[in-house]
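Right after this note come the structures.
Both of the next two complexes hold chain A, though its partner changes from chain B to chain C.
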Partner chain A sequence: MSTTLMRWRSLAWVLPALVLLLVFVYYPIVDNLRLSLFSWNAFSVAPTFVGLDNYRTAFHDPIFWTALRNNTVFAIVSLVFQVGFSLVLAALLEEFVHERLRGILRTIYFIPAVISITVAGILFSFLYNPEIGLVNRLLGAVGLESWQHSWLGEPSTAMGSIIAMSQWQSIGYTAILFVVGIQRIPKEFHEAAKVDGAGPIRRFFSVTVPMVREMTTLIIILTVSGAFLVFNEVMVMTAGGPSNSSQVLGTWLYRNAFLNDDMGYASAIATVIFVITLAIGAVQIVVSRRRRIQW
Partner chain B sequence: MKHTTRSASFAVLATVTAVALAACGAPGTANPGAGGASNQSLTAPAEKSGTITMVTKFADPKYAPYFESVTKAYEQANPKVTIKLEQVGDQPYKDKIRVLSASKQLPDIYFSWAGDFANKFVRAGLAADLTSVIGPDTEWGKTFSPAALKAFETKGKNFGVPIDLDAKYLAYNKAAFTKAGISGAPASLEELIGDCDKLRTAGYTPIAFGNQYGWPAIHYITQLNAYNVAPDTLAKDYDPATGAFTDPGYAKAVDQFKDIVTHCSSKDANGVSHEAGQANFLNGKAAMHYLESVEFQALTAKGGAPKELADNWDFMRLPAPQGAAGDAGALTGAPDGFMVNAQSKNAALAVDVLKFMTTQQNAAKLTADIGWLSPVQGSATSANSFPQLQSALADISKANQFAIWLDTVTNAEVANAYLSGIEGVISGSKSSKDVMTGVQEAAAKAKKQAG
Partner chain C sequence: MVMSAPSPTPTPAPTPTRRKLASPTAATSAKTPAVGRSTRAARLGARATRLAVWLGLALLVVAVLYPLLWMVFSSFKSNQEVFASPWGLPGELRWGNFGRAGSAGVVRYFVNSVLVTSASILTTVLFSAWAAYGLVRLRVPFGGTILGLLLGGLMLAPTVALIPLFGLLQRLHIYDSYWALIVLYTAFRIPFTTFLIRAYMIDIPSEVDEAATLDGCSPTQAFWQVILPMCRPILVSAALLQALFAWNEFVFALVFISTGDLKTLPVGLMDMQSRLLTDWPVQFAGLTMAALPMIVLFLIGQRQFLRGLTDGIGK
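Up next is the complex of A and B:
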């Protein structure tokens, strides 16, 4: 078979996936960019071209900046808990816990990840209820009445409460991914370090952390992108309130598209989200490629 | 050869991209030919046949079966007609109907709230002018309560068929009132505030209030705006093209709401859902609850309420403040309704389905099955409803006018400014001045958009 024919054949195999990608991924991205240059809504008789006006609106919109800040805080907290804490948890599970108990604990940690976000949101709405919620009851029981809040009802605590719920749900999932990464490290590496007199903490930093770098990069990309795409948690628990204090870019986009009837502005917000997540993904992939470890 | 293969690959890519991009038209090019169906005859066809698509927001398992059974009954009576009924929830409906509008896939019959929500479809030419069949002087139109019919009137034309009647009332636990030494329903807002203090002393939460998603507080503001602002000013401000919200009555309404929260409820209300608040009223911890008449059934034994409450509740309107400058006879509420797609090829058949849905028999069934009041006159009787529902119907007929829900009667920008501002008032982070500044800015933006 000639090389040309083989190439055409391989192209034929790839083509369906390529077409699907173009139609369902790249075309919407390009079209969204175009739509962000119009002022239009679902009922528009005549959409008008407004150039970069929607981006200027975003720049001067204080709620857009609140949303961006909330997403950033979400990403930072998620990095600490879903990457840092999860890696420690996974290492502890693999290093110190007996094999039988390890399986049980892994299952326990993973259970929140399989609960629907809507169910988890409603569950935490009950926990955060200022009158009957478990959180305030617990604080009251230990004499910390002054710490009690209407957790989802006060602008100062609403976003933090949502982020806390999200960490509870995701830590187990990322910890299991780290467990997989840790199990792939050849045992000899740890044994050699032990022979050299390295203790558990030294082995964690000198063997485990470098050897799970690729998994860490993957989880960082997933976590940070997820933090900028967050939507369900906020919609279920506060819908962006009170007083827009828990808006994130996704919910602010949704509100403008479907409640404020400003699809053009919503498209501009979508473009901003796309640019942020693309940039984060690209930077992380480049960094991880430079530091790849092979054995 | 390598070069040729690459060129071919790029050609394929370019073609696919071009085809994909060619599919993209100007955004949201809705049809400019408003009122397509207004040129068609809306008289029921002699031979009824065809398929009708219908989308409602009544997916709640308590309500959905009624609409399923009525559409099935129509199909049985007209075997050549198929009704494709799709029911979604309240919030998803707002997304779905916009997507259907933008993609020109609007069903033949679709749900609408009264006010600016309905007017959006009218302005875009997506709602059929039904005046010839449901106008107040027509045979069908005369079967409805005039106020309900008027709620879907725009510039003298009727665009909607009211399906239910809903009004906002303050339900109260008579036993709690007695225990707190309150002899009856307060006559003014000031008296209500005094009663709240008595109820708190007696160990009750005076008013059960959950505002997790913002709209329950907006219903208070709807009523207080109607009490404090003259009707003409209110109508002018609620119109996106002329809204200014500078009347001092608006700030007064926000201050009165703040008093209600302080004396009768709690600043924690933003963290409690409406349903959780209602549970406090049902279990006797709270003495009052501001709810819609469509929720009355939940307070009855049939609706699952404890006997102690089911046998011991009555309701009143939110009392008007003394010397209020607005209309003390206005009542918060509105009918919900259905509109007919102006581009529907089956508009006449769609109207026939809606006529069937609002016959005296089906209207009575609405009350009997799901406890809703129908706008069809004489449909609620002692046989199909409970005493409070009949009293509500009598009270609605006495109302000077409907104060339509603030979040559907005004432009969305204004509604959102109110929504976030009032949440701030509850939590204590905003004053009435802050709220009105936000609302005035939103009204100015809406006015600019309206041109």
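Up next is the complex of A and C:
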């Protein structure tokens, strides 16, 4: 058999993965762009072409902007906790905790990340529940009755309560990734800094932070794109309510597609999400390429 | 619990600056009497820092574990106990709550989740391993393009594909069936899994294949008899991460399954919540049953989990 033929035959190994990828990942995402230019619902025989009307609808839709703002707040809070706090946590674990105990703590902190968002979401909706929940009881026990809320039932606290749950679930996960990053730093760097008289805080900023920069970039990208794709948490805990105060792009898309039956508008929202994640991905590529040149 | 554990003093490196970081021994401070007062202050400061750090870490342990313990304890309680003694242990172990949760749908959802998860593990790992083999070892035509498509696939989000997939699955007549979820869970996880396995395969020396070829192995035989067994550790990691993904996946399971009997745990639990409303102990029991398998799997296969995560994100 000729070698060219063998090379072409070897494509069979890649074929199943490639076909699935093209049919179920790439085709739908391209098709979504087309669908966003039509006005249609699940039962319409012939969708009508409306150009950019669906995007105009989004622009004039206050709930769309609420959703976008909620996603942005989600991203910012997640950056503070899942990048800032987690990095400090990882550094503390490495600096202060003996190896044996460190493993145990790491395992404990990671556990919330392996239970499903649905379970965590329902569990937290019980914790926030005014009748059986622990949050209000805890506040009552320390004399802060005035802070008690119907956490998921009030527009002013619903989104914050959801975001708090998400931090509970994800801090351990990113902390573990940082721990791995820190462990990859050659021991001599810290030793040298110690010899130069640098204390733990100085070494954190002068050795740890710069040396885990690559991991930090990756985690920032993961966290931010995760915040713009958030869906499950909100769906389970509030479904976007009360009065749309906790709507995010994902749940607003879902509501328009499958409850309001305005598929065209939902596709337009999907495109907005697509553009945002694409931009984040582009940033990642640019940043990692620039670094490669530097090194 | 953690606080009472013996505070481990790190084995001191014999550098003089060490005392600034950790509790110094009497010997080192005796050697430097001139700066005795300032070292004592520094030592006190270091001890205070250490105490604060430990307190913080212990508080975090409580914050992480307590909600989960509350869930498990409440699943054994009676409805009154849930209200009256939320902080306490259950008066007796009411296993019946789990039975009631089971017959309220959790068993059904559980079986569905097991089916969809195991099937998608099989297809995802197999197809990804094949693709990785083709890309790394056989250098397929258009390898660069295919790699680019896989890389792009890493960034594409399920939500964006939701509406077109709704139509596509109906046209393929797999909407509202296990197949819808199995196919989607496979397709959307192939990029990640292929990169994971590929990174591992690259590190296997090519002499291995050459030896196999000299022994008369075809590429197919070399894959099944030599390469695949050698990739076992990363295949385990890939399978575990796929299990975690498929077991917990929500969006697709919500949109593409409408028959109640076909629902997987994440969506089924949400249904159950609105059905049972205030039968709290049964709800807690359902949550516990859904959470437990992944926690156990993680505790057993921790090392493989973490290798998969860090290799997948690092390379």
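Of note:
Definition applied: the second predicted complex is superposed on the first by the 265 of 295 C-alpha atoms of A that agree within 3 Å, B and C clash if a C-alpha of one lies under 4 Å from a C-alpha of the other, contacts with A are read in each partner's own complex, and residues count from 1 in each chain.
Operating definition for what follows: a residue touches a chain if its C-beta (ideal position, glycine included) is under 8 Å from a C-beta of that chain, and two chains touch if they have at least 3 such contacts.
What you see is a predicted model; the values in this text were computed from it and never measured.
In the overlay built on the shared chain, the residue A:Val23 is in contact with chain B and with chain C. By the touch criterion defined above, A:Phe205 lies against neither chain B nor chain C after alignment on the C-alpha atoms of chain A. Contacts of A:Phe274 after superposition: chain C is touched, whereas chain B is not reached. In the overlay built on the shared chain, the residue A:Leu92 is in contact with chain C alone; chain B does not reach it. Judged by the touch definition given at the top, the superposed model places A:Trp65 against neither chain B nor chain C.
Of the two partner chains, chain B is the only one touched by A:Gly153; chain C is not.
Once the two structures are superposed, chain B and chain C can be ranked by residues of chain A touched, with C on top. Comparing which residues of chain A touch chain B with which touch chain C, the overlap comprises 7-8, 11, 18, 22-23, 26-27, 31, 35, 42, 131-132, 257-258, 263. Within the complex formed with chain B, the chain A residues making contact are 3-4, 7-8, 11, 15, 18-19, 22-23, 26-27, 30-31, 34-35, 38, 40-47, 125, 128-132, 149-155, 238-239, 241-244, 255, 257-261, 263-264. On the chain A side of its complex with chain C, the touching residues are 7-8, 10-14, 16-18, 20-29, 31-32, 35, 42, 89, 92-93, 96-98, 100-101, 105, 107-112, 114-119, 122-124, 126-127, 131-132, 134, 137, 168, 172, 176-177, 180, 191, 194-195, 197, 199-200, 215, 218, 222, 225, 229, 231-232, 235-236, 250, 253-254, 257-258, 263, 266-267, 270-271, 273-274, 277-278, 281. Of all the residues in chain C, the ones that touch chain A in their complex are 2, 5, 8, 10, 13, 15, 17-18, 20-21, 49-50, 53-54, 56-57, 60-61, 63-65, 67-68, 70-71, 82-83, 86-87, 127-128, 130-131, 133-135, 138-141, 146, 149-150, 152-153, 155-157, 159-166, 168, 183-184, 186-188, 190-191, 194, 219, 244, 247-248, 250-251, 254-255, 265-267, 269-270, 273, 280, 283-284, 287, 290-291, 294-295, 297-299, 302, 305-306, 309-310, 313-314.
Residues 1, 4-5, 8-9, 12-13, 16-17, 20-21, 23-24, 26-32, 94-95, 98-99, 101-102, 120-121, 123-126, 211-214, 266-273, 276, 280, 412-413, 416, 419-421, 423-424, 426-427, 429-430 of chain B are the ones touching chain A in the complex.
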